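First chain A sits with chain B, and in the next complex the same chain sits with chain C.
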Partner chain A sequence: MYDPTVARLTYRALLGRRRALILGALPLLLLVIAVAVRGLTGADDQTAADVLGGFALATMVPIIGVVAGTGAIGPEIDDGSVVYLLSKPIRRPTIILTKLTVAIAVTMAFSAVPTLIAGLVLNGNGQQIAVAYTVAALVASIAYAALFLLLGTVSRHAVVFGLVYALVWEALFGSLVPGARTLSIQQWALAVAHKVAGGDLVTSDVGLPTATVLLTAVTVLATWYAGQKLRSLTLAGEE
Partner chain B sequence: MTTLSLDHVSRWFGNVVAVNDITMTIGPGVTGLLGPNGAGKSTLINMMGGFLAPSTGSVTLDGRPVWRNEEIYRHIGIVPEREAMYDFLTGREFVVANAELHGLGAKAAARALATVEMEYAQDRKIATYSKGMRQRVKMASALVHDPSLLLLDEPFNGMDPRQRMQLMELLRRMGAEGRTVLFSSHILEEVEQLAWHIEVIVAGRHAAGGDFRRIRRLMTDRPHRYLVRSSDDRALAAALIADPSTSGIEVDTAEGALRVQAVDFARFTTLLPRVARDHGIRLLTVSPSDESLESVFSYLVAA
Partner chain C sequence: MAVEHSAAATSADQTRIHDIGYRAYDGPRLGRSYATRALYSQSLRGAYGLGRSAKSKVLPMLLFVVMCVPAAIMVAVAVATKAHDLPVAYTRYAIIMQSVICLYVASQAPQSVSRDLRFKTVPLYFSRPIETADYVRAKFAALASALFVLTAAPLLVLYVGALLAKLDFADQTEGCAQGLLSVALLSLLFAGIGLVIASVTPRRGFGIAAVIAVLIISYGAVSTLQAIADSQDNPGAIPWIGLFSPVTLIDGVQSAFLGAEPSHPGGHGPDTAQGIVYLAVVLGLIAAAYGLLLRRYKKVGL
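Entry: the complex of A and B
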């Protein structure tokens, strides 16, 4: 179910110079913000929760997820080099699961790790806020990676769709239309974070059982469907 | 002995029929898939390689389906037309990765790189390779697992003459070893130099197939039409019609030219200038009026 060669190729494609710069920019910005906020206002639990919830989890994690999830397969399908993976006696779900593993690892590394560091800088993990948001980022990384990997498999415009989902749906509709929040990876991850932190600083519109079921369902279904799509992927001729 | 069989294969994209009811069998040796651009060659090769489902019909390799059958790739090597190939790797890393994906190791990769004579540049990034070098590394990646069927889509596109000769030599050797080698091309001369057997595709249809000499004869025996202007059209017409290579001449007074129909292409092309010189006639225009590849192929379809 895991092919080390596929993983190696995916890591090298994802962490190539240009993409690594994109992946590194947002975490760097988060750390700069964390240091600046701590310097200007001192340690404050509410501020820490605002920065981690408003920027880290709401913006940074989904964007990193889009870049890593779609980037793990989209460019190969776009330029046709995926043919070198597909013309091998390897089960298609193995290719997808391997790429998912890589996408999750990259998303976690570039989102959860900086979230933890930023949280520690902001208020030294007071009220478990840093750890709670780190757990949320870890959980969200899995679901985002799976969802955007599927998007990268089925669409040539995966990055655009991914950003629209991440920014418009989760951020905009989520704040305007209460129902939309139920269908939001961010809210599901917050439900898990709420469980970790307790208290009122980290809250979600979704209960933990619902969140767990939806997170699992999205991850499993997206991965299964991506495997199916890859099995019958058509490489259009250039004629 | 590996045989690729296409049985009443069609493929359409929306309303456009790209491949229309093709039945053919490709056996050991080198087969050229010839046809003008847009004839459906790539669509056909994609179906042969299992990257496109036929809309109807079936593609099988020794009786086993090719579509949605990953195991079939133990026997197939594919050289795609597209250039993209993990440019951030070196040639060696790329071929080793391909070998590993087949469950093989660095040894198989080294052997394949030696076969295509790319050892000298194997540690350079693919991004720095020329078109011909890329083609050879692609070839190495297709050969790592010693496949019995090799599919190549327009392998000579953009290669210089020397690279072209090297690749032809390699493919000839593969065919002589008893592998089934199929390559597509829209250039008659390429196919003629290399293929033992050719299949001609025109507008999605199987126009002709078989021994290349027979097809070549069909192509050269067809009447060639020329438009000729000279200092004395009637004298030239009289002299040309005396030779059996010319089957008909019309004096087109409106155009002020001769319309010549030649049956023996090679003989006519040497005859015309000689006759003109012998009779002291100056040739002003000699232009073939149906030499486009399209017309050669459509002639074959009619035949």
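Entry: the complex of A and C
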């Protein structure tokens, strides 16, 4: 279920040239902010939780997920070169699983690692905050990558819809309508982080059992449906 | 065909050139300014999906509606409760709806320029009598106008609603004028930033992500830093941090000169001297965006 050649090509498409710039710029910004905040305020648990929760998990992880998840398959479908991949004797679900593995690995590498470093810089992992948010970023990476990979196979405007979900639904509606928070990958990941940290600094609106079930369900269903979409892919021209 | 051909070849003395009616064009030549205006109006229509497929109308129209509906609701609330003031100031509206505006810029700026680059149609434009500067001006003006329509329409909804609710005329007119001035500045700034980023890449998806990253991430980073500076009793730093993101720049300009409440945490707006710095940075960024676009298109596709 894993094809090294497809994986290599996907890594090259994701990390080649400019795409790597945007993937690298965000973690760099997080680290700069972490160093600046530590310099301004010193180690403070609440500040660390604010920065990691408000910037890292709420903004950085979804956007890296969008870039990596849709970038793993979107451009190929967009310029039509996916037909050369589909005409090879590789099962379509294998292609999707391989691309998903690569997208998850890239998202984790560019979001969880900087989160951990930023957390260590901010308060030296006091009250397990750095580790808790790193675990949240890891969990969220899997679900985001699967969801946005599916979007990449479904729509030509995957990036826009991914960003609408990440920014409008999770950030705007999530802060206005409490019910929207139940259907938010960010909150599911926070539920896991809450379990790790234990204290009151990391809180979630969703219970751990619900969050785990929903995370697994979204990941598995999105991957399965992306495989189905790829089996019956129609190539459309530019609108 | 083969038979005709051999017949023609055998009777060489009968070959001649037929006059099949090609005629030279001797009508009026509409020239450079007309071509620029045509490019402007086509780009402006394209920014709302007019003259394009139904699918590409969905997103800009949806964002336009999302922009206007809250204004209509506010007016309805103000009329129903017989309030003496609108629930939101004219200058605050664009700041509240900033994520919608950012999404619009991110989706339409690449639409406007990236496809020309990707399908290599830019040289075709320059084979017409327009110059690099005309192309840049037309695209810049079109996106700025589209953004102005997006941001000014809800203000007009608020204004008309306020007048219908018989709120104070002079007060509302002044507020609306200040709001329009601020969104005009915002339109120019956002259009410039969006076009500069989009003109670097022929890939639409990548352009969208890059524009969003610059507009929204910089705001997220700046407001996080401002909140921390506020909680650490360091209010002097707040206005200076605000210089680093487009939204807080506009917010700073309008709270310094246009009588807006600053959305900074703690309500620390920039004073007049800082306001001048803010305005200089905004105008400098707009001019820099124009200059960068001119430089970008000096050698594109040639």
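Just so it is clear, the second predicted complex is superposed on the first by the 235 of 239 C-alpha atoms of A that agree within 3 Å, B and C clash if a C-alpha of one lies under 4 Å from a C-alpha of the other, contacts with A are read in each partner's own complex, and residues count from 1 in each chain.
Here, contacts are C-beta pairs under 8 Å (C-beta built on N, C-alpha and C of every residue); 3 or more make two chains touch, one makes a residue touch a chain.
No experiment lies behind these values; they were computed from the predicted model shown.
Of the two partner chains placed by the overlay, only chain C lies in contact with A:Thr70; chain B stays clear of it. After overlaying the two complexes on the shared chain, residue contacts for A:Ala13 are found with chain B alone; chain C is out of touch. Touch criterion met: A:Asp3 reaches chain B, while chain C stays clear of it. By the touch criterion defined above, A:Ala36 reaches chain C but does not reach chain B. In the superposed pair of complexes, A:Val159 makes contact with chain C only, with no contact to chain B.
More residues of chain A are touched by C (comparison of chain B with chain C). Contacts of A:Lys88 after superposition on the shared chain: chain B is touched, whereas chain C is not. Look at A:Ser232: by the touch rule set out above, it reaches chain B but stays clear of chain C. Comparing the two interfaces of chain A, the one with chain B and the one with chain C have residues 238-239 in common.
Against chain C, in their complex, chain A makes its touches with residues 18-19, 22, 25-26, 29, 33, 36-37, 40-41, 47, 50-51, 54-55, 58-60, 63, 66-67, 70-71, 74-75, 78, 157-160, 163-164, 167-168, 171-172, 238-239.
If you check the complex, the residues on chain C that touch chain A are 52-53, 55-56, 59, 99-100, 102-103, 106-107, 115, 119, 201, 203-206, 208-210, 212-213, 216-217, 220-221, 224-225, 227-229, 231-232, 234. Taken together, the chain B residues at the contact with chain A in this complex read 18, 37-43, 45-46, 49-53, 68, 70-74, 76-78, 80-82, 84-86, 88-89, 97-98, 100-103, 141. Against chain B, the residues of chain A that register as touching in their complex are 3-6, 8-9, 12-13, 16, 79-81, 83-92, 231-235, 237-239.
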